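Look for chain A in each of the two complexes below; its partner is chain B in the first and chain C in the second.
Entry: the complex of A and B
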C-alpha cells in the first residue's frame, strides 16, 4: 500500500530505466547489465548487515550461484531460468551449512571466519578440476535461451535484452528484500543488531535469525551469480576473490546501509565514476587507489553515506526557506 | 490480594558459577513459590545478577540445577526459557535504543505474534500483527508510556527507560518475571508507582523475583526475601525476619565499611 508520491516516483524511475539503454553505446550497455546485477549483489549484502554482521564471503556466495547454475545447465541439461533459481538455492544451502560454525562467532571473528570459509570454497573450485574447471573455471556456459513470441524473437545475446531481463529479476528480488525488511522479520534483525541479549531474553533465537539473514542474503547473491554467469559465459575462482568483495564493501559503505537505496546509490555512483571518468581518462590502472581515496573521503566527510545527502539537503533547504536571515548570515 | 501458593515454580539447587578463580555463585539454593513476589538481596558483588544470568540461561552453571515448574532446565538457551515463560530484565537500561518505544514492545511480542516466513512475505501475517500492535499499546498504557510510543527509546528519561525495559519483558507474557534492580535511578514517586505495577503484575498471575537495593521497596513488596553474600545463601525468610537478622545487618555493614559507600543500607 504505497503512497501515491512513492508510486509516481517509482514509475518515473522505471520509465527512465527503460529509456536508458537506448542512450548508451554497446559497451556501455554491457556495463549497465553488470551494474544491474551488482545492485542485487550489494542490496542482498545489506540484508545480512541488518543483523549487525559483516561478511567477507558474500561474493563467494555469488560464485556458488554462478557455478551451480552453470554446472546444472552444462552437466544435467537443466534449462537456464530453472538453473538460476537452483543456483540461488545452492548458495542458500551453502550458507545454511556455514552458519553452524560461523555464527558461533560475532563481529570481527565472524568477519574473519566468513573470509576463511569463502577462501575454502574458492580453493575447492581451484583444486577440483572436475567438475569446477580448476583455476581456469568454466567456459562456454549456456546463454539464456531466446524467447520466441512468433512475431517477436528476443535474443539475450543482445545486451539491451539481457539488461531488461536482469532489470526484471533484480527489481522483483529487491521487492522481496523490501518486504522482508518491512515485516516483523526485519524488525527482529534490527533488534538483534542493537541488543542481542535483550532480543534473546524475549524469545528470539538469535542463531536462527542470523542464519536466516545469511541464507536469504546468499540466495539473492546466488541469483546475481546466475545472472552473471549466463551473461558473461565464463566464471573462474578469481572473479569471486576478495578484491571483488572489497568493491562490494566500498559500495555499501559509500552509499550507506540504513536504507535500501543507500547501497544502490553507492554502486551506481561508483560505477559511473569508474567507467566514465576513470576509463575515459585512462586511469584504469590506479582504480584501487581512487576507490581507496573515495572510501576514506566518504568515511571522513559522509559517514552516513550518500543516502544521507538527500535528507540533509532537504533539511538545509527547509531551514533556509523558514529563516532566510540565518542562511545569509552563514554565507557571510 | 492473592497470596503465594505452596508449590515452588522456580528453584535453584546447589548452583555454582565460577569466573576463573572467582566463585560468583557458590552452592546457592532457593525456592520461589508460585504467585509470590520474592526478593533477592545482598551487598554489591554478592552474585545476584550472576544468579539471574544462570537462571535465565545466559550462563550455564558449573554445578547445580535450575528447576522451573518441576523440570530441570539448567543450561537451556535463553530464548527457549523465554518460550517456556521464564523472562528476565536487565540491570541498567538495556533497550533497543534506536527503535521506537512501540517497536521495543513489539519485539517483546516475538513469541506470541507467530507467523511463517511466506505469511510474512505475503503480508498474510497482518491479523496477528494487528493484534500484537494492540497488545503492545495496551502494555505501554499499563506503564503510562502510551504517549511516548513514537519516540526513539534513547529519548526517554531514565525512569521511563526502566519502565520500558519491564514493558518489553512483560510483553513476552512471562509466568515468572525476573527483575534486576527495577527501581534504580527512579525518584520516590516513580518507585511507588512501579511498586504498585509490580503488585498488579503479580495479581495478574505472574510470579516475580526481584533484585533490588532499595530496602524500603523490597521490605514493602516482597513475601519472601533471600539474602546472599559472597555468592552463598545467608538468610531466607519473611521481610520482618530478614530485616532484624544480625547476620544480614553484619553483611551490609561490612560491605558498607569496605567500600565506604553504604548505599545498600
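Entry: the complex of A and C
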C-alpha cells in the first residue's frame, strides 16, 4: 500500500514537473534550468554531509566537471554527452586524490582543508591560461547537440528543451543517490556520522567510506557542472568561488539535510523567492538583504529546516485529532 | 459558500491567511502595472543588464541611476523623435549579479518579454553568457569593456569606455608633467578586468620610460586583507604606485593601507570611485595629486567646446541632488552618454530597431563620443572596429576635489606605441585571438 502511494506521489510530481515549464515565461524557464542543475548540486552535497563532514569545496568540484567537460569538447572534440560523463569522472578522480590529505582531518579542520583545496584548484585555473583560460575562463563552450528525428527537431538552446534534458539527468542521479543512501553503504555513512569510533570498532574503515562519499558526491557535482557549462556556454574561476558555496550551504541549511527532499526544498523555495518573487516585485537591489533575513529567520524558527515543516504539521494535526477542543482553543 | 465562512468569526489564522492572499494579489497587480502611463506604442524600452548588487555593483547601479536622470530629461522634452513621432524612453533593469548565467536569463527576459530595443551591459565575466543570445537574436548590445569585442558578434559595441586603453593617457600625462617619477609598482585583482589593464599600464610605462620595480602583483578577487599586498608593493620604494583597474572595494582598502604604511609618493589608478570616502579614511594631503581617469561632471573643463555630453554640469548637479555627490562614480554618466549616441542614431535611422540603429551609429566611421568626436576603431586589438575612440580626460585630485588636467588623444598614443601595447597584451594572453 505504501509503495503504491509513493509511486502515485512520484507520478503526480513528474506530471507536475513536465507541465511546469509551459506555465512559465521564457526567462523563468531559464531559471528553471539552473534550478534543476542546482538541485543536483545541493543533493550531491548532502551525500557528503551524511558522513558528518561539511565541505567548502563542493562548488569547485562542480567546476572541475564543468572545466573538464568543456575542455574535452573544445580541445579533443569529444561529444558533449560523453564529455559530461567524463566531467563527472574527472571531479570524482580529483576528489579521490584530495581525500588522501583531507580525510586526515575531521570536522572544522576538514571544512578549512576543503576550502584550501578548492582555492588551490581555482588558482590553477587562473594561473594556467592554457588550457583553462585564466581569470576569464573558457567561453564558447559547445552546446548540447540538437537532436533531429526528421519529424521533430530538439534545439537545446531553447530552455524548455534543456530543462527536460537536465530533469532526466538529475532525476536519474537523484535516484542513484537515494539508492546509495538506502543501501548498506548509506547506512554506514550514517553510522560514521553519529558513532564513528563505534563504527570503526566493528571493522568499518572510516577513511574509505568518507572517501567514497566524497568521490560519489563530487561525481554528481561534476555532472551538474557539465550541465551548467554546456548550457551557459562559459565557465570562469569566479563562478565556482566561495560566494557560490555559501549559497549551497544556505540551501542545505534552510532546507535541512535529514532527508533527500530537504535540500531540494531549500534550493527551490529560496530560488523562487530570490529570482522570481523579489525580482517580480521590483526589489532587485534589496534582494541580498531580504535573502539574509530569510536565512536568519529560518535558522531561528526552523532549525531543522523546511523539511521539518511537514512532520511538524502532521504531528499538530494528530494532536488536534486526539484533542479537538484544546486544538480549537489554541487556534482561536 | 460554506457555513464556516459565514459565521462571522475572524480567527488569527483566517486573518493572516486573508492578509497574505490580499498582499500577494496586490503585489501581483502592482508588479504588472506599467511604471509610467504612456501610450504603449510610443514607449521604447531599453534594457539595463548589469550588476546592481554585489561587489561589482559600483559599476552598475550608479549607471542605472544616471540613466534615470537621462530618461527624465529626454521624456520631459517630449522623448526621442523617431520617424517623425516622439517616443518616450523607459529603462528596464535586470541585476545580473556579475554572473554569466544570470546575465543570460536577464538578456532573454529583456529581449523576449520586455521587448527592449537595445541592451546596455557592463560586460566582462557576464558577456560570454549573453554572446550567443546576441548573435541569435540580432539584438544591439553595448559594453563598457571593449575586451568583450570579437569579430563573431557584430552587434556588440563599446561606444563609451575604451577600457583599458584610455589608461595610457594618465601615464603619458604623468611622464610629461612629473618628469622626476622614474619607477612604478602595479597591482591588480587577478581577473578579466585586471589583466588587460595591467598590460595597458605596462605598455604605457614602457612608452613613458618609467621602469617597473617588480613584476605585477596579482591578488585574488576574494582578498580582504590588503596589508601584505601593499607591503610587497612598497618594498622596493617605487615613485609611482599604480592601482590598475581595481574595483572600488579594493581601491579603498589599498589606499588605506598605503596611507597607514606611510607611502607619500604618486598614486595612479584607473578609477577612484567615491573618492570623498577615501579622503575621509586617509587625508586630503595623502590624496593630493592622485591621478585617475573619471572626472566629476561639475568640472568647468567639461564645458569645453569639444565635449559632446549634454549639459554635464547640470547632470552632475541633478545626480548629486538625487543620490548624493559621494555616490558619483566612474559609470554614473557612461550609460547615459551611450544613450545620447543611441538616441541620435535612432533619430537618424528613423527606427529603433537594432539593425538600422547600428548602421546609423557607425555611419562614416566616426561618432560623437562624450569627450569629443571619435572614430570607430579596434580591428588590431579586438578584431573588429566596434570601439569608439578619441580623447579621454586625465583627472587629478586637488584640494579634495577631482579636476580635469587635460584631454589626451588615445589614437595619437596608439599611432606611436601600438607595438608596445600588442606586445604586453600578447604576453598576458589578452589579445582577442588569444581569448
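Following the convention adopted for this analysis, the second predicted complex is superposed on the first by the 322 of 332 C-alpha atoms of A that agree within 3 Å, B and C clash if a C-alpha of one lies under 4 Å from a C-alpha of the other, contacts with A are read in each partner's own complex, and residues count from 1 in each chain.
Just so it is clear, a contact is a pair of C-beta atoms (placed from the backbone, for glycine too) under 8 Å apart; a residue touches a chain by one contact, two chains touch by 3 or more.
What you are looking at is a predicted structure, and each value in this text was computed from that prediction instead of being measured.
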After superposition on the shared chain, which partner residues are touched by A:26: those of chain B (first), chain C (second), both, or neither? second
Check whether A:135 is in contact with chain B, with chain C, with both or with neither, and answer first, second, both or neither. second
Partner chain in contact with A:205 - chain B first, chain C second, else both or neither: first
Per the contact definition in the header, classify A:316: touching chain B only (first), chain C only (second), both, or neither. neither
Using the superposition on chain A described above, determine whether A:9 touches chain B (first), chain C (second), both, or neither. neither
Mind working out whether A:126 is in touch with chain B, chain C, both or neither, as first, second, both or neither? second
Chain A residues in contact: does chain B have more, or chain C? C
Touch check for A:185: first (chain B), second (chain C), both, or neither? first
Thinking of the overlay built on chain A, is A:104 touched by chain B (first), by chain C (second), by both, or by neither? neither
Footprint of chain A on chain B - complex, ascending: 56, 58, 77-80, 82-83, 87-90, 94-99, 103, 106-108, 110-111, 113, 115, 117, 120-121, 123, 125, 129, 168-169, 171-172
Given the complex with chain C, which residues does chain A contribute to the contact? 25-27, 30-31, 34, 119, 123, 126, 129-130, 133-137, 139-140, 143, 157, 159, 228, 231-234, 236, 238-239, 241-242, 275, 279-282, 284-285, 287-288, 331-332
Parts of chain C lying in touch with chain A, wherever the complex brings them together: 9, 11-13, 27-28, 30-31, 52-54, 61, 93-95, 98-101, 104-106, 108-109, 112-113, 125, 128-129, 131-132, 136, 190-192, 194-195, 220-222, 429, 434-435
Chain B partner, complex, touching residues on chain A are 176, 179-180, 183-185, 187-188, 190-191, 194-195, 197-206, 212
